[in-house]
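In the two complexes that follow, subunit A is the common piece, with subunit B as its partner first and subunit C second.
For the complex of A and B:
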């Protein structure tokens, strides 16, 4: 017989005016190779069909199922119960808008972030797809891919002290990583100054408190700390230029 | 009730849906995408190994061109595809890959000089030309004459989808996520949009559009053991089927992928075998070279899946609490290769199997993977039956895959079809003037309101989840890799019973908002209808072709069955209506032997097909 697991799950349905936030306990017998994907689906199908949570790929690829598992943001689908104690507390991620129970709206947050950092290749070249592609060194392609592996799950944002303080404004590690990705890419013609305009603010890289919870929890193990360091070094210089630029122009 | 208006409504925001959206938005049309999830989480992101395009830049791809790609695709389809579409696809794939490159995909590139590669467990040497340095490279995949599969490590779907969503963001295409289309609005001639349900609030809304695209992916979740994500539930095919007019093409053409991991059925990419991985049995011995001396582990997926199942039936499988399985061995590729080219595979093995693929074998078994069938369209992507309705990607039966899709051709299809169909939709919009039939819209909204109210008020005792389990058992156990009349009849009769019972679903939760149980209960009867299309069409098709393998009819019968199934569902019926058409209007490559798999054929006698007068 497997362990008796006790799940303490956050419950609240904002669509129901009678609903109040509370914790609810469910019990399940552990089965072999049980993940939170299996456990939460069993709870919904066998015990409480109103329980809200999100899964998609169930393979750690899509980033849909991030939640706080015993206090730590992680993907529920790749979390095995055998690595957890008998008592498992599951909460929705903070910062993001709650849809209900464990389900949060990461989609809207990330679309806003992508819009804010203008997350696309900026190029004035006219594409002729019939012509041979522009060359790139394979090492550089691998480096870009390394940063492109972000799955926008939101764990880094949920674990961020600053994002928890000003959830509507602070851009978070995922945005800095994205800017780092485009700065590496020669196809993006933006200048450092233009990147600076996007992230060189107190809601951007200069607002980071350096707690680095982001890097600790990233399920894809992205080098988020390195990106922050790189951006601050490079764009710090742009910041100085900016200030001098203003002084210079005010003298005129 | 909220009503939204657009020129183009894309139901689904994966690669195909967003590619169409980008095409229309970049030309100034107003586009809205609906999605069950944040667009970047669409199942396109789970495609790992790569996309086929005949660039011919790498040493083992030298001499490749669209002709070879076309021929591989037709053979892969077991002559079930539309050859005009396959030709259009093969010609466009290189353009699409370069376009995605310009938009930011970090394709792996040619590194000049000597390097080693593996095939069938043996090490070989190759030389990459200096002059090709930095061009997009490719890896080997099953059923191809050349190395043609362009890739970014084993996260190709992920990088393509992120890049596509960057473009959608650039053009400001709104993606209404957590919104599910639950019916098409039409007057019997023109499609005018959809009635949708907001999964955050549970509220109904109407989307009115001049052109509506179905790009909702496949229907793997009709099967118990599938590599597909939980949202691959057939919802797009179901709303098309519910019109009674729009047919599902070849619903019986269902692909099983050789390497789903045991027990979770998570996919590990064909790139494992493409890069030289081998399949081993209980004695840790290879077997594919015995069955397929030429292509070995890299025959097409239908062929490899069949031989694996055959080998397990001979008692050569590895016993496990989850049934017998085989091994995938990539250890000899080495840590460096696995850590750079097969990163997700490494992660999946470590996280879900507690196994290190650098030193240990991976337990695998064929699992349901892909729906070749879907909403039947012409070569422009326009659906049969209704004007203004389109489909693209896995949701469509366009039909370039016929009865078996080659690995790397699905990612390629999404961006190629998205490009072509997007263009055709823009042409359609240019000459389009639509009169808004508010009575038709109101009637459809009322019909859906009534359907939802009925499920909510039902005192029926049937449990939607239990019925789903029954449906999935029936399809997986009886409409599988090997099929026969007995099993298929069992599936059809069993599914008809499940369908009857699905009319008495009662829900236990009356929670407000999205209500996951209600969402599912609304979907299930349509899923059972779609499953019945699959089982019934498979029962009627008395031949073996591609992934449709009948033990009682082992020959590919080009004389009687060179046909595409068209399944429609008339309201009130308990079975689909099946019609048939020739799969292709042109026969650039007349039916012949594929070059792998068993060669059992009944020849076609139609001179229009064979070219022999």
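For the complex of A and C:
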């Protein structure tokens, strides 16, 4: 017989005027290889069909089932219950708009972020669909691919102190990772000034507190710490060089 | 008007980057100063409270005017660093609540370290200013005068609070600068995190031994506290 697990789950439906935010307790017997995703499905099927949470791939690819599991953002489908204590608290991710219970709207946030960082290759070259694609060095292609692996689950944003502090403004590690990806790409013709315009503010990379919550929770283990460091150093030192350059050139 | 608008559109505003750089640069300067300061003050332990080594070092810094000029400069750097770093502080109640709720719920080491850094910043600003004012208005620095100060009134308590605050702030700050500016990478983070913890505890230990030395062993200047304008806290 498996452990008796106690799930404390956040319940609230903003669409229902009679609904009040509260925690509800469910109990389940643990089965072999049980994930939180399986547990939540069983709760919905066996105990309360109104429980709202998102899922799609159940394989850590779609990023839909991200939630706070005992305070830590993670994917429900990735999380084995055997690694959790008997008492499990599940909350929706902060920062994002709540849809209901454990379901949040990460889509709008990520669409806004991708618009803000202009998440596409900027090039003046006219595409010739018949021509062969430009060659890229394998090592570089791998580096870009490493950053492309982001599944936009939002865990890094939910784990970020600054994003929790000013949720409407701070861009978050997902955005910095995205910009880092385009900075690597030789096809993107944006200048450093243009990248600076996008992330070189206190709502961007210079507002990052360096708490590394993002780095520690990313389910895909993206190199977020190294990206944040690279971006800050690159843009920070370029700003210093620019300002000192201006001071010295005006003295001449 | 038109040219200004065009100029703004072409040139990104680099103020935030510059402020962040200055926060880092002043932070590095203060970290190095505080570690050097601790080593120099702890020199009183070298001759078991006799004070000859410490007096020699203090005399060197005063004879070369480094104390007279450097002291006020350090105070200005401290103030400037506080203002630069305060840009990141959640001064609004709503932001404070959000940060606190997140920290407690997430229970993540580096996030807790930031809370310690933010809290100790305010304590250091107040107590550090008192310490600097007291020392710089009663030059020259000697072991006997420092002992007199520490053995008077509430000064020992002030230093017992200030010491861990500074060492924690400085240790965490050095680690965080490394992380934020990319000098500490994913591959070296654990090592530097451990180093930061050990160094902070070692520095607090050295500081405590030095305070004990000043309080119990070093012979105080008996007239110092009576004839100087320092408030008897």
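In this section, the second predicted complex is superposed on the first by the 237 of 252 C-alpha atoms of A that agree within 3 Å, B and C clash if a C-alpha of one lies under 4 Å from a C-alpha of the other, contacts with A are read in each partner's own complex, and residues count from 1 in each chain.
Keep this in mind: a contact is a pair of C-beta atoms (placed from the backbone, for glycine too) under 8 Å apart; a residue touches a chain by one contact, two chains touch by 3 or more.
As the structure is a prediction and not an experimental result, all values here were calculated from the model.
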Inset, instruction - Return first, second, both or neither, reflecting whether A:142 touches subunit B, subunit C, both chains, or no partner chain. - result: first
Inset, instruction - See if subunit A has more residues touched by subunit B or by subunit C, and give me that chain. - result: B
Inset, instruction - Using the touch definition from the top, say if A:197 reaches subunit B (first), subunit C (second), both or neither. - result: second
Inset, instruction - Could you say whether A:8 touches subunit B, subunit C, both of them, or neither, answering first, second, both or neither? - result: neither
Inset, instruction - Scan A:94 for contacts with subunit B and subunit C and give back first, second, both or neither. - result: second
Legend entry - First (subunit B), second (subunit C), both or neither touched by A:232: second
Inset, instruction - Once the structures are superposed on A, label A:215 by its partner contacts, choosing first (subunit B), second (subunit C), both or neither. - result: second
Legend entry - Where subunit A meets both subunit C and subunit B, residue numbers: none
Legend entry - Residue numbers on subunit B that touch subunit A, as the complex places them: 37-41, 43, 45-46, 94-99, 101-104, 106-111, 133-137, 152-153, 155, 158-159, 162, 165-167, 169-170, 172, 175, 177-178, 200-202, 229-231, 263-264, 266-267, 321, 340, 343-344, 347-348, 351-352, 465, 507-509, 511-517
Legend entry - Touching residues on subunit A, where the partner in the complex is subunit C: 68, 71-72, 91, 94, 159, 161-162, 164-167, 193, 196-197, 200-202, 204, 206-213, 215-216, 223, 225-226, 228-230, 232-233, 235-237, 239-240, 242-243
Inset, instruction - Sort out for me which residues of subunit C touch subunit A in the complex. - result: 10-14, 16-21, 24, 87-88, 90, 95, 98-99, 101-103, 105-108, 110-111, 114, 176, 179-186, 189
Legend entry - Contact set on subunit A toward subunit B in their complex: 13-16, 32-33, 35, 44-45, 48-52, 54-64, 78, 99-100, 105-108, 110-111, 114-115, 118-121, 123, 125, 127, 129-138, 141-142, 144-145, 148-149, 151-152, 185, 187-188
